[in-house]
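The same chain A turns up in both complexes below, where it pairs with chain B and then with chain C.
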Partner chain A sequence: MQSNAALEYDYSVAKLYMWTTVIFGIVGMTIGVLIASQLAFPELNYLFGEYGTFSRLRPMHTNVVIYGFTVSGIMVSFYYSAQRVLKVSLAELPLINLLAKIGFFAYLIAATFMVISLAMGITASKEYAQMEWPLDIAIVIYWVIWGVVMFGLIGARREKSLYISLWYYIACFLGVAMLYLFNNMEVPTYFLSGGLGAWYHSVSMYAGTNDALVQWWWGHNAVAFVFTVPIIAIIYYFLPKESGQAVYSYKLSLLSFWGLMFVYLWAGGHHLLWSTVPDWMQTMGSVFSVVLILPSWGSAINMLLTMKGEWNQLTENPLIKFMVLASTFYMLSTLEGPIQAVKSVNAIAHFTDWIPGHVHDGVLGWVAFMIFAAVMHASTRVFKREIYSKSLLEAQFWIQTTGVVLYFTSMWIAGITQGMMWRAVDEYGNLMYSFIDTVSVLHPYYTIRAIGGLLYLIGMLMFAYNFFMTATAGRKLEQEPQFRSPMA
Partner chain B sequence: MFHWLEKNPFLFAVGVFIVIAFAGLIEILPSFTNAARPIKGLKPYTVLQLAGKEVYKKDNCIACHSQLIRPFKSETDRYGKYSLSGEYAYDRPFLWGSKRTGPDLHRVGNYRTPDWHANHMWNPKSVVPASIMPAYKHQFKNIADLETAYAEAVTVKKVFHTPYGNDIQPSKAAFEKYYKTTALPEALKIAKAMKNKDVLAMVQQGKIPEIVALIAYLERLK
Partner chain C sequence: MTLTEMQGYAFFFLTVLLVVILYGYILHLYRSEKKGEMDYEKYGKMALDDELHNRPVELNPKVKNEEKEN
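Entry: the complex of A and B
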């Protein structure tokens, strides 16, 4: 093989995941807007009979946006950038390439059954781990396939040093594997009861407090290893590529990577503050959450400083806008999280709408913005076409940013209001409000949140249209752009 | 300084794994056995209650209701005694929830009646006029899956030595016998207290709708 000939990378798998990113994005966010509206206008619960209540749809929303939209987005960026940073094409490794494709179809099938089973109410009931054991097995197989593809590519690499993004993909693979396996340890009831009842039903290996510990060890670190780690992989590749700037500091990336790896796992206990989990674990969760600011801000600052001297790009290039605002939202979210993990703050914040508010400034402002930017950047190279519309991208950016701001500000107010009302006492020490008072007061905030979500969904639809037109009707490019993605 | 590691993917991966697995070992393992111990006098769920717990999971009450009373005066005043670890010893999975769009339910059995629950699930606004909770009328029609609940009882008895009696055995015949002699009478008691004629008629015909199982479960939460 000639070492100086330009490699022709194989983007067929990246392309497939691009379509699922868009489709799951639309589906997941539409359900999100619907359930947000149901809280403001309860009549909307009756659109689809027993399948349309808030409670039944809520896990559908979370699972579709996490395992559909986000995982697809991560895979787009992996199948696009891993080949490039390793200097090896999937086309050179037919077996690995085949596995990657099988993986995609396994993913599609598992995702479809996930949606069906959640609609039917078949659930293990642990958050972000609702799927019953047959689907868990499918997911493990899918994950192993991804691992084989990743290490297969790494094994065949020409570039000896692993680029930063790959560190994060490796961590994502290992972290999710470990956590998912342990959290989903279930005993199928059908086989142990001599064939009684539903074949897919299972019972958790852990009970009560232990189950809670393992669940939030997973729950929190699903955030770590799905919403943070691979998204950092995305920004470390796509921001330097789009801006033409070198990563600001290697040492800072090193510090934040190993710092994040070490600290993140300890912080899971902050979901269980004031619960029946032993006190020392709660304190550990609290303390490590605060320490977590360091590696999180390390990555974000590293990215922002990468733009040093090139801030004019922020006004000229909407993709840079998405990525810079994403790092900023990452900083906001990783400061907000530790604040909520302080025990006295948590006493007010826990169980309130401040928590979904926090989640959404992270996922809407950081995760989804990075995925939009990465998919757009990659699509110019994958389809060898210009981005269909710059002005559409600009409009999407501002509409969605407005949506996110409406979302988290309304939920901040809602959460703190409710938290304070739950504990308010009159001069004799009696509770001042009945529970329903603390629900009724939230109506305006629920309405604002639904509007924020709707704006975000509109932006998602604009993105889908822009992507579709780019893939099919964008002006053909003769040469691959080196840095900035060309757009009309 | 770490460049050598970045050229060696295997060692790199091992390094990452050790660093991330560390916290789990130290935080989760030490009190694992301790936390699994039930409080004195705690009985395992009856099969009807387990079936109700399945309805609770299926209609995903956990999306809006917690089962964890925190040790604050404002919470114990509102919901009753704060929750103890040992009370959850037979909860597989745990159902603490993470959001209170509605109130906590850990001791709801202390201050609501089957009649109240029935009205509430049929039309929440009939008992709480400002409620934003949807009605769950389908629970009055759908039949509860007691066989799966029974299978769950058999499984936890076998695998985790949950103290069930000899009436929980891995066979269809044992289930049918249990259904007639234990589950139905238990359901009938709930159905009578619900003051709903249709439901009562169903149970008298030997069919247990989801709502009866769910109320049996909610009544157990004390």
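Entry: the complex of A and C
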């Protein structure tokens, strides 16, 4: 390792992921708005033949926003902040730096093939694990590369202790590695059947209830280790740094970390309430989901208290607005989830639109808001330029907040209406409504949801423009800002 | 003892154990700070003073040794 006074952090990999964050964000959210509109106006299913149907586009939407937009955003924050909290530059470690770049291109290739294969209807038919086995292998290789880069950086650090964000990145790496491998254990049918079917097809190694359990062990922990853990890593670095306030209680951050790690892994069973899995397992899923409120709120409250005495920044700095609202949405979402996981509530909520409502107040209000704030904060340092437009950022914030509110309120009403109608019986015990009755009742809410999604997409496009202009035309900065990101 | 009873006892003792571990950890954090063995809050500075030329909160001993050798 060199000791060089003129040495700088190397943001070339963070920069590459910034572009994929923006591109995948636009693609994933556009598809999201289209499929939301299809639910309200079914004729929209026939725009692009087989490629435009809801069934083809829905997995594409989820995969692109999760593995495209969110993972790219996580990587931006990692390649930007990990060097800084470890006080070691990637430029000092040429091999690790090269590996990080190879990792990016491996990611790009895998993500491109993911989009193509899903568009062609090639799927392993497991939610959030639709990619077929050749792509799974590519993802594993990519993940191992990220692990090598992370531990390579940690090994060369100047700072003895690992900042709390790093703990969360490590947890993200280990959690996804373990769960992804187990859930994607597949049998390639072509090779085992002596040449039947397509070479890329597979079936799960597990059957029936076991498959469901492993699937939701993964499914819910994808929420844990992709949508929660690394996003907490982002907020623990970017909120203190942007506000200039050290985290309110470092001890609380440690306690919340271990709490979250211990509890989250057990909560997946709540996806299988009232199904054929053993009753004790359903109860365990419920109980752990409720306990999960504690560590989740521990982190969120810690973040809000970090702003203690500095609340004026909320009105002055749009990036602080994004992050404070994100932690508030995190609190809302982590209270709503446990409520839905209570068995009696779940009897109404299961399979209804309240579930996507819950998911979206988490991902739109918490995950994406944190990624927007992190990318914008980092872009001033990466490009050494001022943020192009503060007013555009403010407008984006309000348009998207309105979008999220429209989304989740319409889905709350739709979901509860649906749940109540499905179970309503007359005095003789006959069902009062047929399925199509619920569909016609829900039409206005589906329309409101699509409008909410459209507002969010408009905000995403504003962000993309603001980011592009910051990178290319923002006022040049002579000195790196210490805390607050400068904006015009 | 039936299996259900055993599960009941196991559940109870496991809950007690987890509560003890949780409060034990909180106690450990506060006690080690009170005794002056640790100062956890200083680590919050790592996010704020994160320039390459900033002094690390705690210098990695490996780097310290390398710098001495040079």
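Before moving on, here are some points about what is shown:
Going forward, the second predicted complex is superposed on the first by the 481 of 488 C-alpha atoms of A that agree within 3 Å, B and C clash if a C-alpha of one lies under 4 Å from a C-alpha of the other, contacts with A are read in each partner's own complex, and residues count from 1 in each chain.
One rule holds in what follows: a contact is a pair of C-beta atoms (placed from the backbone, for glycine too) under 8 Å apart; a residue touches a chain by one contact, two chains touch by 3 or more.
None of these values were measured; they are calculated from a predicted model.
After superposition on chain A, the partners chain B and chain C are accommodated together without colliding. When the shared chain is aligned, no partner comes close enough to touch A:Glu478: not chain B, not chain C. In the overlay built on the shared chain, the residue A:Leu213 is in contact with chain B alone; chain C does not reach it. In the superposition on chain A, contact of A:Glu427 is made with neither chain B nor chain C. Touch criterion met: A:Glu8 reaches chain C, while chain B stays clear of it. Looking at the shared chain after the overlay, A:Glu50 reaches chain B, while chain C stays out of its contact range.
When the two complexes are overlaid on their common chain A, residue A:Gly244 makes contact with chain C while staying clear of chain B.
When chain A is checked against chain B and against chain C, the one touching more of its residues turns out to be B. By the touch criterion stated above, A:Tyr264 is placed in contact with chain B alone, chain C being left untouched.
Fitting both structures onto chain A leaves chain B and chain C with a minimum C-alpha separation of 5 Å. Residues common to the contacts of chain A with chain B and with chain C across the two structures: 160-161, 254, 258. Chain A contributes residues 1, 3, 5, 7-9, 81, 84-85, 87, 89, 157-161, 163-165, 236-237, 240-241, 244, 246-247, 249-251, 254-255, 258-259, 280, 480, 483 to its touches with chain C in the complex. Residues of chain A touching chain B in their complex: 38-39, 42, 45-46, 49-50, 53-56, 58-59, 121-127, 151, 154-155, 160-162, 167, 170-171, 174-175, 178, 182, 187, 189-190, 192-198, 201, 203-215, 217, 254, 258, 261-262, 264-266, 268-269, 271, 274-278, 281, 284, 288, 347, 350-353, 355-356, 422-425, 430-431, 435-436, 439-440. Across the complex, chain A is touched by residues 7, 22, 25-26, 29-30, 33, 40-48, 50-54, 56-61, 63, 66-67, 70 of chain C. Against chain A, in their complex, chain B makes its touches with residues 1-3, 6-7, 9, 12-13, 16-17, 19-24, 27-28, 31-32, 35-36, 57-64, 66, 68, 70-72, 74-75, 77-78, 83-85, 87-103, 128, 130-136, 138, 142, 145, 147-152, 154-156, 158-160, 170-172, 175.
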